[in-house]
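The structures come next, written out as structure tokens.
In what comes next, subunit A is part of two complexes: it sits with subunit B in the first one and with subunit C in the second one.
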Partner chain A sequence: MRRLTDRIFTLLCGLGAFIALGIILTVLGLVVFRGAPAISLRFFTEQVRSVGAEGGIFYQLVGTLILIATAAVIAVPLAAGVGIYHQLYVHTPRSRRAMDAVLHALNGIPSIVFGLVGLAFFVQMLGMKKSWLAGGILLAVMILPTVTVAFIERMRAIPKVTIEAAYGLGLRRPQIALSILFPQAVSGLVTGTLLGLARAAGETAPIMFTAVIFAGATMPKGVVDSPVLALPYHIFVLAQDSFDPSMTQKMWGSAVVLLMLVMGLSLIALPLRLKIHEEARRV
Partner chain B sequence: MSDDILEPILSTHQLSVRTREGRFLLRDVGLEIPRRMVTGIIGPSGAGKSTLLKCLNRLIDLSGTLEVSGKVLFEGEDTRAKSVDPDELRRRIGIVFQQPVVFPGSVAQNVLFAATRLGTANRRNRDELLEESLRQAGLWNEVKDRLKEMASTLSVGQQQRLAIARTLAGKPDIILMDEPTSSLDPRSTESIEQTIVELKKTRTIVLVTHHLEQARRLCDWVACLCQKEGAGELMEADRCNVVFCSPVREETMEYLGMKC
Partner chain C sequence: MRARQFDWIRMVAIVFSVLTVATVCGIFLFLLAGSVEAWRHEGFSFLAKNHWAYRKQFFEAAAMIYGTAAVALIAIVLAVPIGLSTAIFSSEICGERSRLVLKFLVELLAGVPSVVYGLLGVLFLRNWMQTLYEKGNLEVYSGDTLLTAGVLLAIMVLPTLSTLFDDAFRSVGSKYRDAARGLGLTRAETTFQVILPQALPGLVGALLLSFGRALGETIAVFLVVGRADNRFPKLGGVLHSLVDAGQTITSKLGGAETNIAVGDKLHTSALLGLALVLFVVVVGLTLIADVVRSRLSSETVA
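Our next item is the complex of A and B:
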């Protein structure tokens, strides 16, 4: 009986893993199969032409990179500050739990809500119109919990007695942050940032009202009324309007590039995550 | 405690520690720590020895869940007064933990870890301070050729002496030691004990220990804490031979294994 239960359990687990892997491979295969014919060097270096039916995705790629770079520049120092505050300045378990709850709640806000808030605040209240900066800030806020939680988790893996020993030597909190927490937990910050950016790169909703247009934008020349092009929005518009087969092919090509970008960021983060787990196990 | 201690460097008055729920860990501890001597704190597990130690340099403040009342006077000044900087207090009252703590980095970087950041060590006195601290901790001869090696490559006993050297580099007046030899083999224990004997010539040492023989060997004064009604209380504190040979309190006698 025990052997039978064991076999059924193994079978169910194996089936679950097979289905999950199958779905991922099907999605990847479909996107790559449909998009690969569109991929060429010119696809990366040319501007979009004929409403997406011709040309490449140069400025969409540049716009996406501008948005995620802006998000990283804003989110990383903020997350570092929140994480250090969480570890060194919040002492009571209740306050820490409250902070954790806020971070997780922020992580659960749907991206379309970020888009609407961004529209109301940046576009309507501040009068920025569509701007790469507004989009970058929104994406930064959106990924802030991911980056912060990864940083905090890594800091939690540092033995408590190490931090206590640093206090015991008379070091001040900023010195402990710079000499103990950052050097030992920076990998968490990097991992969280890469994972957060992988998510941000694929988001359409937060940027569609605040930062991007479909065509006509090149490099941003200012902060106000300075939209960019972006891959997710490009795919979104092409998917809505694509009756032309060449347009459909460009859409799938763009999807392949976006997928590679997102997967690339996640893959860079993977060795760092493994290193963190390995270090945490050794502690 | 006998009244022949002149000017204790550190003293506690009605010191109590309790949890937010109101459970006492320590109750009304009044203790005087004599200058340049080894004061041992002994007592059964759960009597609040480590808690008392952490009250002396306000490391207890980091717990976030414990409330401290009463007074701790360091050189006559209330350590909980608003004018007192807790970080500076912790530099002057250093602590060595049960498990040796090694920071990532070389032996030299570990010894000078706090000293460089607190400005005690500079380019001119760096090497001198490094050697002096390691010599005082009884580790110089063993590591003088390994100063650039990772500190984690040292044996556990050496790591503990490295932690002592690191504390000494900060030039503390008092060193608190929380069972510093409990995780060490007899040979390393002997080295640490020799270090303590040397250190007491220039420093005040407060040693929490479970080893009664160690307390007998090293301590000039001994304070015995026992648990009463769930909270640690000071039973008695006196010269080492007085506490060990003619204790007054029944709880002390019981802890020391003497028949009442």
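Our next item is the complex of A and C:
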């Protein structure tokens, strides 16, 4: 009887995992299978034509890259500062936990809230037009927790003795930051940034009211008044009203490109991440 | 003794940290201040009553709150059995190597942008659901329903849920596992009687986090939920409302009204009020999950 229960238990769990696996493969398979025929070199280098039914996605890709590059430029120094403060200057567990809570809260804010607040703040209050800068800032704030937490985790994995030895040698805290924490934990910062950018690249909600338009933008010429095109928004708009088969194909093509961008970014981060994970467990 | 140097790293670190805290508080206060007008206009009926018509200046959002809760609940109910069994399989049954492979695949799924899920919803799931409804002889006008959004959302939260479940199981030390197996308990008994009770805070935390994630998801839900206003069912009509078009807070905020509202103070403030509700609930859930999960780690260490 016990054996039987155990068998059934194992079988059920296996079944669950099998279903999960099936879902994963179906999702990825559907997108790649449908989108692959649309992909060609020209798809990357041409401008979009006939409202998305023809041409490529050159400026959508450029726009997305501009947005995530801006996000990285803003988020990385912020995350470095917050991480260093958390690890080096905060001493009581209580205040450390408070800081964690703030980061988790920030991470929990739904992306549409960023979009709405961005619209009300940048566009209505500051009088900016839709611009890549507003989008970049919003995305940066969104990914800040991811980058910071990855950096902090990597710093935590530095053996305590190293830090204690440094204190023992009379190093001051800024010196410890520069000579130990940064050099040894920079991989955490890099991983966190890659993961954050993977997320930022696929987001639609924060940028749809603040930074992107569907058609008509090329390279941004100004700072606070130049919107860009972006891949996720492009797919979002096409998905809302398209029954034209050629458009459907372009849509899937865009989805594959977006998926490749996102997965590429997180795949680069993977080896670093596994290493950090294992080291963190050992401590 | 050397004069104490100015610690510019500390300075920068403090400024950036303050900036981060200020951003979180700032967003909250911004939503609060921005929505005052709507709260003054509607009072408590902003949440409790059901009549949203911006042209007539009615901003009563009960139907959207219902839609948001319904969609997220469906998602969690559907995703939990699969997520839990996947997590038990990966942490208790299969070996370390296959666990990493499974975890890698699950995280790959977690990285898929929501607009891609939305696309899958629009081009596949919506039609599948409609076929299903027609086979069940339900009177349904399209495949865009609360249930469709819930199913799509279930797929979206599945990776988060199973990864966090797996972490919760893994946080239980292997000495308990080994001891239980050594005493002759079967795998099922070990899991249910030894591991599960200890992993419970982590599991609950995972549940809350995923629920919050589901409440706040916008783009994919937007594309398949039907976006029909003011569908607030009576008690007997709840089941039928699920196979009918609906509206969530997020699909409202992501829709055309956000652009229409520009320049209309009351309307804008009503939308900011919706965002405030979403913010409070989701961030609240996240923080509660945080507390529950931290209880887990402090107990297992002790």
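Quick notes
Heads up, the rule we're going with is that the second predicted complex is superposed on the first by the 265 of 283 C-alpha atoms of A that agree within 3 Å, B and C clash if a C-alpha of one lies under 4 Å from a C-alpha of the other, contacts with A are read in each partner's own complex, and residues count from 1 in each chain.
Basically, contacts are C-beta pairs under 8 Å (C-beta built on N, C-alpha and C of every residue); 3 or more make two chains touch, one makes a residue touch a chain.
Here the structure is a predicted model, which means the values were calculated and not measured.
In this superposed model built on subunit A, subunit B and subunit C occupy separate space and fit side by side. By the document's definition of touching, of the two partners only subunit C reaches A:V141; subunit B does not.
Residue contacts after overlaying the shared chain place A:K221 against neither subunit B nor subunit C. Once the two complexes are laid over each other on the shared chain, residue contacts for A:P183 go to subunit B alone; subunit C is not touched.
Of the two partner chains placed around the shared chain by superposition, subunit B is the only one that A:E164 touches, whereas subunit C remains out of contact. Angle at subunit A (Cα centre) between the Cα centres of subunit B and subunit C in the superposed arrangement: 100°, in steps of 10. By the document's definition of touching, both partners, subunit B and subunit C, reach A:R172. A simple residue count on subunit A separates subunit B from subunit C, and the partner touching more is C. Taking every C-alpha atom of subunit B against every C-alpha atom of subunit C, the smallest gap after superposition is 6 Å. Subunit A uses residues 172 to touch subunit B in one structure and subunit C in the other.
Residues of subunit C touching subunit A in their complex: 5, 7-10, 12-17, 19-21, 23-24, 27, 30-31, 34, 81-86, 88-90, 92-94, 100, 102, 104-109, 111-120, 122-124, 155, 158, 162, 186-189, 191, 209, 212, 215-219, 223, 250, 253-254, 258-259, 262, 268, 271-272, 275, 278-279, 282-283, 285-287, 290, 294. By the touch criterion given at the top, residues 57, 59, 61-65, 87-92, 94-95, 97, 99, 101, 103-104, 113-114, 117-118, 163, 166-167, 170 of subunit B touch subunit A in their complex. Interface residues of subunit A, counted against subunit B in their complex, comprise 91-93, 159, 161-162, 164-172, 175, 179-180, 183-184. Across the complex, subunit A meets subunit C through its residues 2-3, 5-6, 8-10, 12-17, 19-21, 23-24, 27-28, 30-31, 77-78, 80-82, 84-86, 88-89, 97, 99-117, 119-121, 123-124, 141, 144, 172-174, 177-178, 198-199, 201-205, 208-209, 232-233, 235-236, 239-240, 248, 251-252, 255, 258-259, 262-263, 266, 270, 274.
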